[in-house]
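Next up: the structures, one after another.
Each of the next two complexes has chain A plus one more chain, namely chain B in the first and chain C in the second.
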Partner chain A sequence: MSSLLTRARGSASTLVFLLPMLLVFGLFSWWPIVRSVIMSVQQTNLVTDPEFVGLDNFRAVLEDPLLSTAVQNTLWFALLALVFGYPVPLILAVIMSDVRRARGLYSLLAYLPVVIPPAVAVLLWRFFYDAEPTGVFNSILGKVGLGPVPWLEDPAWAMPSLVIEATWAAAGGTVIIYLAALVSVPPEQYDAAEVDGAGVLGKVWHVTLPHLRGIMLITLILQIIGTAQVFLEPYLFTDGGPNNSTLTVLLLVYRYAFQNTTGGDYGKATALSLMLALTLALLSLVYFRLTRRWSE
Partner chain B sequence: MRNHRRRGLTALATIASLASVSVLAAACGSDGDDSENDGKVSITVEGWRPGDEQGTIDAVNKLAEEFMKANPDIVVEPVEWEWSAETFSTQLAGDTLPTTFRVPFTDTKGLAERQQIADVTEYVNELPYADEFNPSVLAAATGTDGKIYGLPTDVYGVGLHYNRHLFEEAGLDPDSPPTTWDEVREDADAIAEATGQAGYVQMSANNTGGWMLTTLTYTLGGRLQSEDGTTATVDNPATAEGLQMLHDMRWEDDSMGKNTNFEWGTINEAFAAGKVGMYMSGSDVYNALVTTNQVDPDSYGLAVLPLSDSPDAGVLGGGSVAAVSAKASDEEQAAAVLWNDFYREKKNYDPAAAEADAKVLAESDQPIGTPTLPIFDEPTWQGVQDAIAPYVNVPQDQMSSFREGIFDQNLIPEPSSHTQELYAILDAVVQKVLTDENADIAALLADAQGQAQALLDS
Partner chain C sequence: MSARRSAAESRGITSEYERGRPLFKVGRTLLNGLVLLFLVLVCLGPILWLAKSAITPTQDTLRHPLELWPNGVDWANLRTAWVDIDLKLYFWNTVVIAFGSWAVQMLVAVTGGYALSILRPRYGRVLYGLVLATMFVPAVVLLVPLYLTVLDMPFTHWNLVNTYWGAFLPAGASAFNIALVKRFFDNLPREVIQAARVDGCGDFRLFWYVVLPMSRPVLGVVSVFAVLAAWKDFIWPLVVLPDPAKQPLSVRLPRLAGVTELDVMMAALLISCALPIAFFLVFQRLFLRGGLDGAVKG
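For the complex of A and B:
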């Protein structure tokens, strides 16, 4: 009896401890999600009472010719980010873990871009990406006889340019995660591999990567979720241009909500957001099912 | 002992949760209705643009004090504000809009239709000049329901702004700006060749690409929409001709520079920095160039746009309406219209008010005498110009081409239906032509025509 009482008292105090966090989360995370579900079936002018319109907003979004452009662009960004952005931190981390001296300095250099406020970084890179031959990158390329590259000024170049900056900005965080995981690899295993005649690549392949597998699977899905929601780069660099070549799904959501001249179509914006969220949730579920065996 | 500590922790947690609840409650609580204390009506009003210099802020605050002296029952608080569709809806939703603010002609009808700005017909009709508005100007402030949604306070015609220094460097005469589009093209080429800067630049982003393509189309005698706003006419010879000219300047002459992603603010910035030879924008943009971008007045020139021989050729006219938030109470709406009368409109009508206003602006070194167009009739406008003449501090002789030529040009309003959405569609067309040498203009226009018509049919 008394142990029951103690347990009850224990869970009561747990609840009290949790309360502030639950409140903050509830109000600033869960309530907006609930609100957006409600808004996705409403039409509102933000002044008078909203009107329920059923699935009209979803229908309107699906009929928008820009939706397929946005989805394709987002997939293109995700693919480019995967090809360039995913291996870069891994390679950096493996190299850095092998460095004997000044490892802290390299970690600092790798992590520095993460510390710079993203908007500032983009504005800085916009300056670097000046398409004139006198632009920062173009003058560097000019010195070795390349370019000038139209960076953000060409529908074909714009997206890769965005990915380069995004990779630069985000790699540091992932590098730190990999570095931490690499420390846990027992050095004897490398010695054993060396005795077995493995070279540098052999050691990475047979020792390092198997140890990092679990982490790599997590960072991969995080990266996919992150890139599917890319917004900052296309918004600040190109505003979706030239000719909608960098219009992403989230930028389309933003356009519905805020750039619509009639004062914000929150219904369509929340409808598309929900569709994106559901797609990502399903994707994550399938991903974890498929990779369960590898991550064990 | 352990129990004791635990109880202490529980108490601490309880206090923390209570504190967080009260903080949240405070954060989420309504701002309360404090607008009518002591029988006074308090309103917030659009004062200055983000980034404006202190002189602009001082001038507005001084005028607000004068207004409050004359209207002791009204408290006016000028705040920083600039129209943008992006912040408007957020501020409307969050109850943080100023009571009164200016909205471009292009957006007034849509906002009125969605009841996001207030019907102020009854207060406007009380003003002494209510019957004397230029009908086409008042139409811009009138909703489709025939009610008035604000005071039209400034009207501009688009002009050709040019950098006199770059003209001189290129061996061109800054006192005789180009008068045909062929001359614009030649001069742009000469400037790019001689100075390495862009000879001519056209806005392309954030709906300004559509705005300026519409302007270019008008100068060549075309239209993008039927007058009643029911039929899209995007695929027309004048627009194709304009786009072809942009294409040739960009790709054959290479006279538009390599950076093409410009909108209203960034093109002003580039122009003030001496990187742009010529560009099209509203005739009143000089004010922003001075107060926000610190342009060198000696470098500035303003000319009328070249018009083709077509009888339909004309120049795009636009402006702003001083509107009132739909959430304002009746008293606040009345006070807001009174303030707009005092601060923005009376000086367009009454020479004495214009002179008093100019005096205050002159004291804070604000630009006076930038070309505007008549909101009432031309004699009224002339009377106001005469009254402020002693205070004029902008280089009007460098704007003579525009000042003398604009009244001979046919002023055409912007497309009336779904204007900004139409502009968004055209943005993509302009961007494609400026960033892809092989852009198929005919196909682009046919596609845009389909989208624009679908928009009007929706």
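For the complex of A and C:
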């Protein structure tokens, strides 16, 4: 009888401890997830009652001529981010891992841009990207006889400009991840490679990089998931312009929902969000499997 | 995990022998120096430039953007930014949002982690699975349904738009925090908990007097990242706080940029990133430890 009582009291206090998590996740995570599925098949405008419309929202999104622009731009952003942003942290981390003194200083410097609020960074870089010959970057290029480059004002240059800033803002985080992984390279492997007559580059190629293979795949997927959701840079730098050359998928979602002159089209917005989410969820699943295998 | 190997045990890519060779030594010093120069110019440079132009008159910055030492120093810019364009209001708004997000995240992660790890109800595994599953749903994609939920809360029909509750309650739904805290609690010495139980410690006393005092490392990590994330956040406060008088710096600065003189704007940007930078310098070990092993293994 008394053990039954403690059991009941125990489960009551368990519930008390679980309550904050249940409330917050229920209201702000689980319910919105379910709701996004419901909303994607409804016509919702907050004025009239929601109305079931089947797959009309998805059809409307797929028929929007801006969709293919947004998808292409997002893919272009992701590809450029890989080309610019993927090798840089890797090379930096490999060199930094061999620094004996003051490695802390190197890490500190590399991580610094990560803590700058993105809105601040974009506003600062927007000034750097001034297209006049007296702009900051154009002055620097001018000193070596290049430019001036139109940066954000030209459809062909706008996206690479965004990617350069985004890479600057994010690379430090990846450097730290790589550095942490590099500490665990077994020293014997380097010793063994030396016995086999490997030079520094040989050791990097045959020992360091193979050791990083797992984590390189993870950072690759994380980066793709991150870049697929790019919003702040195109929104603050160019608002999707010039000529929609930096309109990304999430910017399109935002426009459907919050910048619609005829009132928010929440159905279309959630339908597009859902399509993006499914794509990313598949990638996350791969990511989760890999981290699991990697951490075991 | 092996990542916590001490520096003495680990060796770098280069060997003692290689580093001893004169030519190699020169090359390596040169390479390391170049990387350091690169990091100083690229990572620190823009921030130093910002600091310089924050106290430089607009015309100097426009005409000679690369001038190292400005002609006139204009300290008044900082004051103008703080007072005249009301940066102080947005600064304190950001502080309130950061503090609130921190408190909510802390409460949810610590109580939830404790229940899942130590109290272990039978349905705990399912619940934890549901929490982890939210990691697969990119937060930013939930923007619209979350906005509509906050606009008209289930059951109560409260409208949290333009309230700080709307800004910081959703931050608590972080599966990452729960996983971090739960894994840390999982690794706490079971003997201590068992001993406390034998001494008649109830769930609440165990939580407050035994588990929490042992959890400072993980609480530090959650705190630092919670505050920084709230300070950096842009899109959610943009959506949930349309009232300019309530907006944080991130949301307000882009609006101010169009109507503010350049030197004052640069001062405003500098003020806006001063606190995160200071925060980073103070807690740099937590940020630079890398990976989560440090936090989990304490």
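Annotations for the structure displayed:
In the analysis below, the second predicted complex is superposed on the first by the 259 of 296 C-alpha atoms of A that agree within 3 Å, B and C clash if a C-alpha of one lies under 4 Å from a C-alpha of the other, contacts with A are read in each partner's own complex, and residues count from 1 in each chain.
The rule is short, and it goes like this: contacts are C-beta pairs under 8 Å (C-beta built on N, C-alpha and C of every residue); 3 or more make two chains touch, one makes a residue touch a chain.
These numbers were taken from a predicted model, which means no experiment stands behind them.
In the superposition on chain A, A:L27 contacts both chain B and chain C. Once the two complexes are overlaid on the shared chain, A:Q259 sits against chain B while remaining clear of chain C.
Within the superposed three-chain arrangement, the count of touched residues of chain A is higher for C, of the candidates chain B and chain C. By the touch criterion defined above, A:A131 lies against chain B but remains apart from chain C after alignment on the C-alpha atoms of chain A.
By the touch criterion defined above, A:N243 lies against chain B but remains apart from chain C after alignment on the C-alpha atoms of chain A. In the superposed pair of complexes, A:I221 makes contact with neither chain B nor chain C. By the touch criterion stated above, A:F17 is placed in contact with chain B and with chain C alike. Once chain A of one complex is fitted onto chain A of the other, the partner contacts of A:A192 are absent, as it touches neither chain B nor chain C. Once the two complexes are overlaid on the shared chain, A:L82 sits clear of chain B and of chain C alike. By the touch criterion defined above, A:L67 lies against neither chain B nor chain C after alignment on the C-alpha atoms of chain A.
The contact surfaces that chain B and chain C form on chain A in the two complexes overlap at residues 13, 17, 19-20, 24, 27, 46, 257-258, 266. Of all residues in chain B, those touching chain A in their complex are 6, 9-10, 13-14, 16-17, 20-21, 24, 28, 85-90, 92-93, 106-107, 110-111, 113-116, 204-206, 257-261, 326-327, 418-421, 424, 427-429, 431-432, 434-436, 451. Remark: chain A residues 13, 16-17, 19-20, 23-24, 27, 45-48, 65, 130-133, 148, 150, 152-155, 238-239, 241-244, 257-264, 266 touch chain B in the complex.
Of all the residues in chain C, the ones that touch chain A in their complex are 1-3, 5, 9-15, 18, 28, 31-32, 35-36, 39-40, 42-44, 46-47, 49-50, 62-63, 65-66, 104, 107-108, 111-112, 114-116, 119, 121, 127, 130-131, 134-138, 140-151, 153-154, 169-170, 172-173, 178, 202-204, 207, 228, 231-232, 234-235, 239, 249-251, 253-254, 257, 262, 265-266, 269, 272-273, 276-277, 279-281, 284, 287-291, 293. Listed in rising order, the residues of chain A touching chain C in the complex are 10-11, 13-14, 17-21, 24-25, 27-33, 35-36, 39, 44, 46, 92, 94-100, 104-113, 115-120, 122-128, 134-136, 139-140, 168, 172, 176-177, 179-181, 183-187, 190-191, 194, 200, 203-204, 207-208, 225, 229, 231-232, 236, 250, 253-254, 257-258, 266, 269-270, 273-274, 276-277, 280-281, 284-285, 288.
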